[in-house]
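The first chain written gets the first letter, and so on, giving A, B, C, D, E, F, G and H; residue counts start at 1 in each chain.
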Amino acid sequence: VDFELDHERPRRTGVPEAILCEHKSAAQIDAILATARAEGRRLLLTRLSPGGHATLTSSADLDYDPLSRTAVLGGPVEPLHPGAGIVTAGTSDLPVAREAARALAFNGFEAPIIADVGVAGLWRLTRRLEEIRRWKVVIAVAGMEGALFSVVGGLLAAPVIALPTSVGYGVAQGGTTALHAALAGCAPGVVVVNIDNGFGAAAAAIKILKALQP
Amino acid sequence: VDFELDHERPRRTGVPEAILCEHKSAAQIDAILATARAEGRRLLLTRLSPGGHATLTSSADLDYDPLSRTAVLGGPVEPLHPGAGIVTAGTSDLPVAREAARALAFNGFEAPIIADVGVAGLWRLTRRLEEIRRWKVVIAVAGMEGALFSVVGGLLAAPVIALPTSVGYGVAQGGTTALHAALAGCAPGVVVVNIDNGFGAAAAAIKILKALQP
Amino acid sequence: VDFELDHERPRRTGVPEAILCEHKSAAQIDAILATARAEGRRLLLTRLSPGGHATLTSSADLDYDPLSRTAVLGGPVEPLHPGAGIVTAGTSDLPVAREAARALAFNGFEAPIIADVGVAGLWRLTRRLEEIRRWKVVIAVAGMEGALFSVVGGLLAAPVIALPTSVGYGVAQGGTTALHAALAGCAPGVVVVNIDNGFGAAAAAIKILKALQP
Amino acid sequence: VDFELDHERPRRTGVPEAILCEHKSAAQIDAILATARAEGRRLLLTRLSPGGHATLTSSADLDYDPLSRTAVLGGPVEPLHPGAGIVTAGTSDLPVAREAARALAFNGFEAPIIADVGVAGLWRLTRRLEEIRRWKVVIAVAGMEGALFSVVGGLLAAPVIALPTSVGYGVAQGGTTALHAALAGCAPGVVVVNIDNGFGAAAAAIKILKALQP
Amino acid sequence: VDFELDHERPRRTGVPEAILCEHKSAAQIDAILATARAEGRRLLLTRLSPGGHATLTSSADLDYDPLSRTAVLGGPVEPLHPGAGIVTAGTSDLPVAREAARALAFNGFEAPIIADVGVAGLWRLTRRLEEIRRWKVVIAVAGMEGALFSVVGGLLAAPVIALPTSVGYGVAQGGTTALHAALAGCAPGVVVVNIDNGFGAAAAAIKILKALQP
Amino acid sequence: VDFELDHERPRRTGVPEAILCEHKSAAQIDAILATARAEGRRLLLTRLSPGGHATLTSSADLDYDPLSRTAVLGGPVEPLHPGAGIVTAGTSDLPVAREAARALAFNGFEAPIIADVGVAGLWRLTRRLEEIRRWKVVIAVAGMEGALFSVVGGLLAAPVIALPTSVGYGVAQGGTTALHAALAGCAPGVVVVNIDNGFGAAAAAIKILKALQP
Amino acid sequence: VDFELDHERPRRTGVPEAILCEHKSAAQIDAILATARAEGRRLLLTRLSPGGHATLTSSADLDYDPLSRTAVLGGPVEPLHPGAGIVTAGTSDLPVAREAARALAFNGFEAPIIADVGVAGLWRLTRRLEEIRRWKVVIAVAGMEGALFSVVGGLLAAPVIALPTSVGYGVAQGGTTALHAALAGCAPGVVVVNIDNGFGAAAAAIKILKALQP
Amino acid sequence: VDFELDHERPRRTGVPEAILCEHKSAAQIDAILATARAEGRRLLLTRLSPGGHATLTSSADLDYDPLSRTAVLGGPVEPLHPGAGIVTAGTSDLPVAREAARALAFNGFEAPIIADVGVAGLWRLTRRLEEIRRWKVVIAVAGMEGALFSVVGGLLAAPVIALPTSVGYGVAQGGTTALHAALAGCAPGVVVVNIDNGFGAAAAAIKILKALQP
């Protein structure tokens, strides 16, 4: 067999792996789903395009969200624990933000999204600041020049996870400018994950939130 | 005046700014130190080369560490709170690791360093694993190919802050390979700071540790 | 004529050339196949997409494998010589791993594949280690951050051929991070081939295995 | 002769050329100065290092500023016209900011500098906003992640000239991250010049201010 | 709600935001248009591909231009104020030039386009020079090697906004060469916006033209 | 302690680690040498500059070679086993070639060097071909455009280890062009190590030569 | 009008411009063709894809070659002058080689192509050397690692125009490795044009051949 | 011996090799000079810094030029043949231009230099145009944005060899922007050599001039 579910990882790290579908064939994903169903396990799939979702042999039991290109096998967890929250610079950052929110929900954590508060219009952000200050971990999502990361990091006592996105064109194409801005800023306590890696940002938030639990 | 100490930042973020000396003239650093002394404030200086340290007008009251190129004005904090720990891939990563440890100590947190446990000799790491598992936040420091980040991230429930260093040559020169490896790995919950940014890794650890405090 | 089969190369290097189909038109590939059939020669084709395969004038005598995008003209060689083996970090690395395995088989060498043993779950790798240690040459296949190369290189006496893949996104997109990790690691005796170059890894393994033969 | 002063350029563009000293030998700079003295012309020299300045044959009539590495031959212009202003993200950006201010003064324009108002401490910027709003052209100077450009551009009706600096390390080394952030932001009406190009920012401000004059 | 029109931005910066459609779903764009219609506001949409335009639920009241991929909701402004003008190096730069011209017209400014005056045929440019000298702000549009920016910047007293395009192949692919040429030239007073950012060039021109108004 | 000699690595991989001195302080290197002396072990040091060598506390028992910047503690091994050989494109590639030869000798293998046979003068290479064909493993060393790798790889049945160097300027500066040429060539069985990594090329050759031993 | 044929260029440079179709709409190309027909002029079109060719309003009088994606309006020139010749490293380089050959023919020069003589099989090249030595200008076409340029440049007294192609994958993707190899080689008298720029290589050859004519 | 003079190269290519001194030790250069003196041969050395020149054991018979960092062993050739000429964009490009001129003179060709005619001041170039049009081969030297290449290439019937230099800073640092501009321009018949490669430009000019000789 070319694949088996890794039951060791959640035991050791507290976070089960997600199935990254982008480079996998439909046959491979079908096989992984079959294994999970046979073992009665829940599963999170990421970067599953609508086209890829449509070609799966069996997807009726998947909760699929085309905007974030995520699918959940095995139904929701309830109730969700509070503590995390997400801000986005623009409307176009929502797919990545939702991948993070869905990964948090899959693991039992709630994550409200405050969208479109990029710093070119600083007033949009500052009027929501009180709400944001209530979160124990903040995921900030931005593409283009990624100025949101520094501004948010300089205003909050909570750890800020910068989640750069590939939204943009010209020098911003592919997300490198937002990534580098996240890394190069001097606001204290901003940490960074890979471009468009909503799941990774969620996994980090989950580890921090679990450490907070007594 | 071209400079004033930012008393607002520690109040809002919980972490006072450090003075990055690399691009500043001796006259600028002298002026900043004079202000801090006049206000009776403690201060952390980073990336202060031995040569730069030697040209300061007044440095007798600085605790200067040439390996990490950091200086502290205002003496130590005691006792230090436990919770963080640092692992490094090689001996050459120690300067950056010590910048992080000194920044944590400046802010009242202890951070033991376990050095030279890079994954090309996996047995070095695994025999220290029990000790590492006791930490609530782990800073992993590595240059070259940065494989340490994925291995550590896959073995621990604690959040792992990857701190890539510029140690290496050829394609590793400047630290970009270690940085990209930190970002591209799939071990859950690994977050990343800029190359050689020991202070930034410490600041993130401090924010997390403060959130853990009841 | 724009093309002729190079009978000199196998005589000098011990490895016949493969036909890289990616930048060739269907007419060019058809002509090459016709020449090989006329001369009664076996031929390996690489990077032949399913679409490209479908547009060939005559392909009934080809053994085509869509996962690895390889085709063989002229049937199998038997029996295969043992000595090589392949490990992959993930399921998504299998197409490239299979290109290497098929190229080895085309040249008369067996190459079992142990898939999905990436180092974010170190336990997957270590439990297969005894098996891996039996091989005389190891091809390690990984995309994303490529940490597998260093870990494997540090555990084995056999030469390790690192075969980076383009699996990944963000900073890993295109395979450069895995390639650079392969080159920058300090595990001794790891050598590297181009991204996704399964044929090249196989050719190197073949040269080493042939040197081993008395 | 290898050089002659270009009297045509100021007539056509309204801005005389500055002598970029970085790639010129002391002999070349000496010859240029001699020509200007002989013709009785004022001259601005940029990127003239203290070492380079010290090796000139004759520099007694130069007004040399080591922080900005600029020298002026021919004395000041008085009085200076108001209209431009400069903000910097950090103390380390002052050398470049002063190159711009000195170039503006050389051409008869005043340019006050408000330093150290980077957005990681947003309150520093907002309390100076009223003052900044009085300027007709704003030069914003920042290295590292360059978030200042978007925030300032989103708050002002005046054209904003982003002047990225090479202040920073890791991914910010050399100024590319600040440059790309300046280009990729979506605050309207932000235009950009080359990294560390204080003279270029000044030249653009001069052209705009001249257009404003009736 | 994930989106609301930003009425604060035009009040503060003098330029309303444009809706960048490239990374938005048809549903998101439909929602934004509905909001604007409900509030009775004019709106400019950029980077709206013909395919994207065709999938909008309601587009009958949009003035759509497929060449520049821009759409205007709310009809034209009349009469247009003169002052700006646009030159392009080639015919292929026209889509970006028209995005700038349409953005200027949306904000009430006229901007004639003189196309195909690239410097490989210098005579084409020089015979139109008198006409170009009448403009108060010049937008220069060029891809490939971007030599137009330096030549135009050296001939005019007006501020020149360099607008690099992604026209080209090989080393010019994506527009980086034209962008870097714009930044690296030594013609005084040339300022630069992101690759293909016609709207940004227009916004800068608008801010300058508004400053010119008494 | 921050360092201990890794006795496990040679046992597992057949190749002892070398001490990379470039990023280590003199104090760190002194401590490592003291440990080796105390344990009576031989040691290879690489990238030890003449200046660094001069500042060591005790170096009388080191065999130091300034051209290759290598030092050996513990004396030579005799007799050396034949099998490997080295070719270089130019005289300037000799320092890296000698690092490889010295590392091979440290491990008991002989490696003659044939220098200055770059392919711009093909006749230099072809007249030495008979000699080169006797080697079982070939290390090819080249900077600049690295054309030597493809030519040698296409002429030999032995495995070829391409060792790119940082010799060159302009687009060749730093060795990336030679590295990429080594990876992108289509001569079969060429494998690659990091730029200037003479030790790594030797380690790979050692592993192959050990596998050849009955 | 947005376009007019440049009759000045051929008069001044000896080479008429070609119409680069890649970034032009069908409507723009149709208009250009109509102008040329009306003026009775011959025209060369490059980078015209089969799809683009098919959508032209009128193309019956075009001599279209899909392999090189070139079209000629106005018929052939006869007889062709000898002097130039083309060698290619592989079959996949033929489209670019043919663009050069067609551009030479359009301007009245003959250019035979010797294909598939890449240096991984050096014997293919050397057996054609006598033929190649008869040409007065040689265009060498290669992708991947571009080793052909150095080998050919070192064997010939004629000027060699290196024409790198985008053939390749991994580090060779896009042609940058071949381009850099062409620039970094030390064979004397090799000059380079942009990746895939068959027309540019032809234009340079034409200028040289015209200078040769008495 | 590690080095011998290549007497074959001038016989085959018409251009003797130059000794690139940058990566060679003084001992290596001394040995090469001794060989040449013993054989009674003339020799050209390039990239020999003043410091390197000073440390040679014997240099009294060298004609050394510190500006171009070139040395000639064996005296001048007389008379020089006309046909080539050099234009430079700025005074800072003169060292590279002189390397080309000295290499041409070493081989018996005259090459006058017209300096400081960069296109930001187009009038400087156009007034020298008649003189430039007399040359049969033109070497154009420019750093920064390299706009000179396109303008000159569009005005001349002679082949233009673009010689980009590393003059510049920010995005122009290292010469890549000038190099890419040279490659990406659409002026016909411009060919390019490596950054700062004055010798290479001269070698190409020599090959063309020799082909012109009856």
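FYI, a residue touches a chain if its C-beta (ideal position, glycine included) is under 8 Å from a C-beta of that chain, and two chains touch if they have at least 3 such contacts.
Keep in mind it's a predicted model, so treat the numbers as computed, not measured.
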item	value
Counterpart interface for B-D, drawn from C-F, B-F or A-B and sharing over half of its contact pairs	B-F
Separation of mean Cα positions, chain G and chain F [Å, integer]	42
Centroid spacing, where centroids are CA-atom means, of chain E and chain G in whole angstrom	34
Distance from chain G to chain B - Cα centre to Cα centre, in angstrom	55
Chain A, residues touching no fewer than two other chains	9, 17, 20, 120-121, 153-155, 168, 170-172, 176, 179, 183-184, 186-188, 194-195, 197
Each pair of chains that touches, named by its two labels	A-B, A-C, A-D, A-E, B-C, B-D, B-F, C-F, C-G, D-E, D-H, E-G, E-H, F-G, F-H, G-H
Parts of chain A lying in touch with chain D, wherever the complex brings them together	90, 118-122, 144-147, 149-151, 153-155, 168, 170-172, 176-188
Chain G contact footprint on chain E (complex, rising order)	67, 91-92, 94, 113, 115-116, 120-121, 123-124, 143, 167-173
Residue ranges of chain E touching chain A (in the complex, touch as defined)	2-4, 6, 8-9, 17, 20, 22-25, 28, 32, 47, 166, 174-176, 179, 194-197
For the chain A and chain B complex, residues of the former touching the latter	9, 12-15, 17, 20, 136-137, 153-159, 161, 179, 183-184, 186-195, 197, 200, 203-204, 206-208, 210-212
